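Labels run A, B and C following the written order; every chain starts at residue 1.
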């Protein structure tokens, strides 16, 4: 059992589907610490990149290598989807599910779940059906469910895309707390302001390639490529 | 329609309605008097069809679920065959089971022919594809929903099946009840493998066939209404027990 | 106190004897069962012999098939040619005639073919064929059906040449009667099934009495050397009872609406 499963090294990584190249080749690294924001226009491959890193997409070519064994790495990551996937169960059961999978006893899991529910202000809704929550509540729950696993790495695919300002703020606060506590975060987003608020480094995707990769300040103040500049400007780029 | 023809049609309708009314009356008296034979065949109907339901569900529900989540080479063919087996004519199943369990047949040594056990076996064969097929359909949709999440959470195949079975239990119940409906009303197969023996293998459906054959339509209809009532009661009871229509739950 | 105890003992013995009731399977034809005679005979057999006879009511063809497979211990059918074949082939041990009744012709009460006036059965059939009046046949190779075919041939007619007025339904006596009632057609039925049939509708009994319509019921035990598991002992016990005095009394006194339906005619082994 290693200390950490990071860094994740992508070399020549390509994802193809039905003969068409979705992303790649990609050569990059997710380092040990930081908050990476993945940005880019729609269709640039942000989602595919995240899914590839987490193991939800299969590599057609190249390699994506974590530290540690084959079994370890997947267990120490978590993923939050753009449209939250709720189990058709209560809020509490959604939270205890990942714990029970790992063999945590029922009472212990219940306690941890209660704590998290309080933390995301859903303690009143513990016994409610998760499918009946609002969009923002669902996403908070999904995030809590991801964090309850104490992952080394957390992936998020545009988590606030469909949320109002209040919910967005609550999620961002939670993410910053989590990042400060040492969890590595990789997040795709559309929201420029959000990127500026959260990022320590930025990956800029365009047409399936990693177009630019730089520290946050560098990217936002001095983007090197014209496309990145246009994008930051708010222009539509293809 | 000419007035004469219209009149004839009306007379026939009245006669038919009176037959049905006779049937309802017969059903009422059967129930009120708690006719001993009626109680016996009703209990046997339940015994056979509920046993078949339990066994068929135990096979069909996990299989349908497994089929929804596993990818393997001949998956599409398997699904197609399973759906096609829903159309197995019950009387053909009865014939085949008879040949298998006949004393000169391969399984004759067990002496199951003309016993409720043979009837249960025949009904299990008939309703398992139905249950598996409906289960598969709902599990497929649920799996499409849960797919990314369950993979992300590193669930093993058995954990996935258990999660789907539990979260999809309402749809699975529907699948089971569809199977029960098919079983409780079935007559062709159990007539052949059970023999409709009085006080041994006679059930509601075979009794109805018998009374119809004797021309006693009122009694046959009466038994028919009892059967309908039984099916409704069982369905309601199961829904009640599983609290399907509780407020706020899907 | 002693009375209660005595009653308790009696009940216990009765219960014990019931538990030890021997059980055998007998395949009988629908024609026999539909008469209602079995409801009289079975309880008597149960109390006299302690024998629980499970009746499988099937067509003659299926009864013979069950006997061949050894799925029943004996059969009671009414098709002499088929029975003799059965015994010769070694599936049954012997034929034992038990009782007879007759076949009758039923049809629409208006009797368009006028068979009520016929002298003989074959004349009635000829009249029906001439008029091409709707006729429902069992069509299931049963004893009744075979008898019907024999009569057509005796009338000089070949059923395979008949047009759509001749409807072979391939089912038991009751089902055939239902169909006939629904179509208002002519039929040949055994008298007992007709008497006991509950859906006569517009049908009526039109012709009977010709000796050619004689219908013999025969008991055949299944051959135990062929199938060792068959309860030949019970079959023989049943046969013994069926040809005995009590059986004779019950059969001879059996009536439906005052009409006698069966005639006991058991004698020596055939």
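Just so it is clear, a contact is a pair of C-beta atoms (placed from the backbone, for glycine too) under 8 Å apart; a residue touches a chain by one contact, two chains touch by 3 or more.
Note that the structure is a prediction, hence the values are computed from the model and not measured.
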item	value
Chain ID, smallest distance between chain and overall C-alpha centroids	B
Chain at maximum distance from chain B, centres defined as averaged CA atoms	A
Centre-of-Cα separation between chain C and chain A, whole angstrom	81
Separation of mean Cα positions, chain C and chain B [Å, integer]	34
CA centroid of chain A to CA centroid of chain B, Å	48
Chain B - residues contacting chain C, complex	102-105, 113-114, 195-198, 200, 210, 212-217
Contacting residues of chain C [partner chain B, same complex]	25, 30, 34, 54-58, 69-71, 172-175, 177-178, 181, 196-200, 227, 229
Residue ranges of chain A in contact with chain B within the complex	54-56, 74-75, 78-79, 81, 85, 87-89, 97-98, 101, 129, 131-132, 149
Interfacial residue positions of chain B with respect to chain A in the complex	142, 145-146, 148-149, 151-155, 159, 163, 167-168, 248-250
